[in-house]
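What follows are several structures.
Two complexes are shown next, each including chain A; its partner changes from chain B in the first to chain C in the second.
On to the complex of A and B.
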């Protein structure tokens, strides 16, 4: 028996075990609880890295739950796969690595950040469930399972957003998120049911191999795109996102960023691997591109006027998601056009995928830094802050790195991914680049404002007692800083090892389908 | 035509629930509307798997009848029912907390997070 074969199942089992062990382990005291939270998150990260390595080395990994053997996707005599199948290609593995880094950093951060509060058994439980839902969305090969993992992640995140239930704002944010998300996931289930009714299959690869682009498929596609674009916080459906991110405890906001990327992953999986070359015409790609442009522009213009620090960062999330939608939308636009793909489409996709990594890291870091400020000072409003650089040098340094990366200042990693997007979408239409550049400038302006008001300026008398945050929080931020600096210092290694296989896997629809259906397209 | 009747009912229920979410002001009514939407989706799944004259999908009990309804949508429906139960319970407890904090259930008055 080779352990590598069972990595997809282990990846889900570890957080699931953590979620149900948490209430028991918490009876043993504070130290054991922290050991469980950090230890299991770290093991999940290790499994994710191993999975990523084995996928890069051995191609797409499939895992069949409940079969005679782990890779028997098509039992003899069956035309369609009948069991629950996990399918991990390089793009899924890439997302899993991003997500589990964010989960580990958030867990480290939460050990110290949450220690003043009660109900931590439930917190740890929900935190692991949220990790489980996120990872499950990234590796499942089955529509209905995707729905289930969305719901696991959603319910856990509703609970975590409302964790400070004595704050009216937290309850309101959670309620808003619950209402929007619940309607969205029901619409997703209708789409899954419609595709099942048409093709008698729930497996993404199996449906992809049979798909004919008709009326039913159009309806299902619109439903799926609408739901998942809502869950990743794209423009017209973004109103829940800044509220939820701002009101959740900071360690959770960091993980929620990765969870929204899991929805983006689902959107791209459906567009590229399920519909792919059958995605008749350029209407859907242009819709995704224009959603991206609108998210970028409106997200950043709303962010500029905010004065509550986490809310401001939350609005920047809306605008950053726009970059990925733009890059991947351009890739989708030229999917059937080999010349355009080689000229600029593949670069745009590399940019979009690299931006997913960068965004998860620096946005998580920004949320953690905002949480550190809140922990040390008890303030959320930028107008009440000032001169914190003297008191919190490490937090300041890490915040500067994250802010420079999100604003796309060279040489940081945000610059590399944004540059890839600028230079490639220019070939489609120059206006796309103009909007992206304008967004970047406004992002820089907004973070200069945050940095200047919170960290610079004269020392305020109310902050004389403020001290640097405890080591657990610094380590949590340090993990993400390392990831940002790693991608900054070794951009070509990251691009060729992490990003390019993912982009190749995403455009390789036949490979994704063949891994389950045995090569018969 | 008559075979499509369940799908019309699904459509009506779904639209009814969606309309209620947009026009109702009371949070409890909105929670009920979400419940109606979930029921519509569950009905849709069950109706998808129905075959006229089919028996329960248990191979050894089917007897001389050979037409069975599809088991997969039923399994999906059960899962979806459990999920919607959990979210409804969660939603109602949130509404309780909202009432405790704001003293009202009117969505127009629950507006602290703006801009």
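On to the complex of A and C.
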């Protein structure tokens, strides 16, 4: 047997094994627990890279769970696929690489960060379940399984957000997330049921090949967009996000960033691959663009006034998601217009997709750096910090890199993706670029504030005992710093190898459907 | 929770075991009758709930050993994973035991499905019993003992 064919299954199998074996392995002691956490996360990352490589070389990878053969999607002459089917195109593979880098960095960081606490067997279990849910959302080709993986990821994150259960704020954040997320999931399930009732299929490709845009499909689409926009933290439904990100342990916040991107992936998958050319009119694209603009502007204006460091970074997540919604929304707007797509739509999509990678890396790094500050000083409030640069040089350096990248300062990777978005959305309407630029300026302003108050200035007497954080945490941050610097130093390689195939795969609806259904549209 | 009257306790003594038997029946026939691993496991876990209601929580905490429930969970989960993994030369989750009845199939005609539902039943019975115990602890926590504190953060 060729292991290359089984990579989609291995990608889910490894975190699943980690989650199931964690309570048992944790009985063997601290070292074995850390080996399990870091080792399996690293193997997941390797599998993700191999999967990405094989998808780039061999086209869309399809995997049928439990089938007689890994690519037997339509057994014995059936018209519709029935089994659990994983479908990995270049966009999914790109998301999987982003997600597993964040998961590995968070795991490495958590080894030292979490060692003071009890209940780590369950922590490791939930961490792997969250990784599993995220990766599953990214590679599943089945609508109902997407819901299942959303639920796995949500339930794991409820537990992880409330991990410090003696902090009332953590319980509150978790409960708020639970309520919002469960209502959203049920609405998603109604949409999935509606599509199943009409088309007798749950496979995204199968429904996509049959879809005719009517009233019921419109309602289902609104339900799906509402749920997934809530899960990725877009503006009117963002209220759970700063709380959850701020209260979760930092390694988990880093992974939660990637999980929110999995929801964004689902939103784009539904808009481009399920509805695609049948989307009918420009209302939905404009709705996504407006959500993006509102998220950018309101997210950043709420962020500048925060003085709790992780909460501030959490509000920036709202504003950064806006950029991706803007870029991909513009791509969706011109999906059926070949001229507009070639002129500016494809560039906007490349910008949006590149921003997904950049955002996951630098936002994860910012959360880890905030966690490092918290670990070293025990303080969350920016007003109580100062002069930490002398005591924590490595953390400071990595924080500066992440802050420069998120603010879009040249030559960092955030600048490249933002520039692609600015110059392409300008063709739709100049006001879109103005809002995006304004957001970028305010982002810079708030990170100047954070950097100045936390790291610069005279040293405070309470911090004389502060030391640089342990090596596990530094390595965790180092992984993400390397990813940020890699995309900074080699933007054209990243664009042509990571981003462009992903953008091409996303607009290629017929290819996505054909990989499962055999015949295409 | 306080113990209930002797009538209830005797009723529990007589009938609680039947819930376990019934639960096992549901889960071993899960592959061909309504129900299955989760439902059977949930019925088995009602045994713990019966004891809690009839005999009160203090006594139950004295009897129950959480390590056993943990073991149930772990064995169930790992068995489930192992059964899925064994399908691997073909695909993950491939039903490698199933054969037509005439060909002398193992556990006809379900193959790994029947074994998986037993694994899920073990896991669910352990986990739901643990949930019942933990919820009882949660009630007691507010009544008497202060919450155990974590160390290492600012609160």
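Assume the second predicted complex is superposed on the first by the 520 of 521 C-alpha atoms of A that agree within 3 Å, B and C clash if a C-alpha of one lies under 4 Å from a C-alpha of the other, contacts with A are read in each partner's own complex, and residues count from 1 in each chain.
Assume contacts are C-beta pairs under 8 Å (C-beta built on N, C-alpha and C of every residue); 3 or more make two chains touch, one makes a residue touch a chain.
Computed from a prediction, not measured in an experiment: that's the story for all the values here.
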A:215 touches, of chain B and chain C: first, second, both or neither? neither
Partner chain in contact with A:57 - chain B first, chain C second, else both or neither: neither
Which of chain B and chain C A:117 touches, first, second, both or neither: second
Interface residues of chain A shared between complexes with chain B and chain C: 165
Chain B residues touching chain A - in the complex, by the definition given at the top: 14, 18, 21, 27, 30, 34, 37-38, 40-41, 44-45, 48, 72-73, 76, 79-80, 83, 86-87, 90-91, 94-95, 97-98, 101-102, 110, 112-113, 115
Residues of chain C defined as touching chain A within the complex: 70, 73-74, 77-78, 80-81, 84-85, 87-95, 147-155
Residue numbers on chain A that touch chain B, as the complex places them: 144, 147-148, 151, 154-155, 158-159, 162, 165, 168-169, 171-176, 178-179, 182-183, 186, 189-190, 193, 196-197, 202, 243, 247, 302, 305-306
Partner chain C, residues of chain A touching it in the complex: 1, 6, 9, 12-13, 16-17, 20-21, 23-24, 63-70, 84, 116-118, 164-167, 374, 378-380
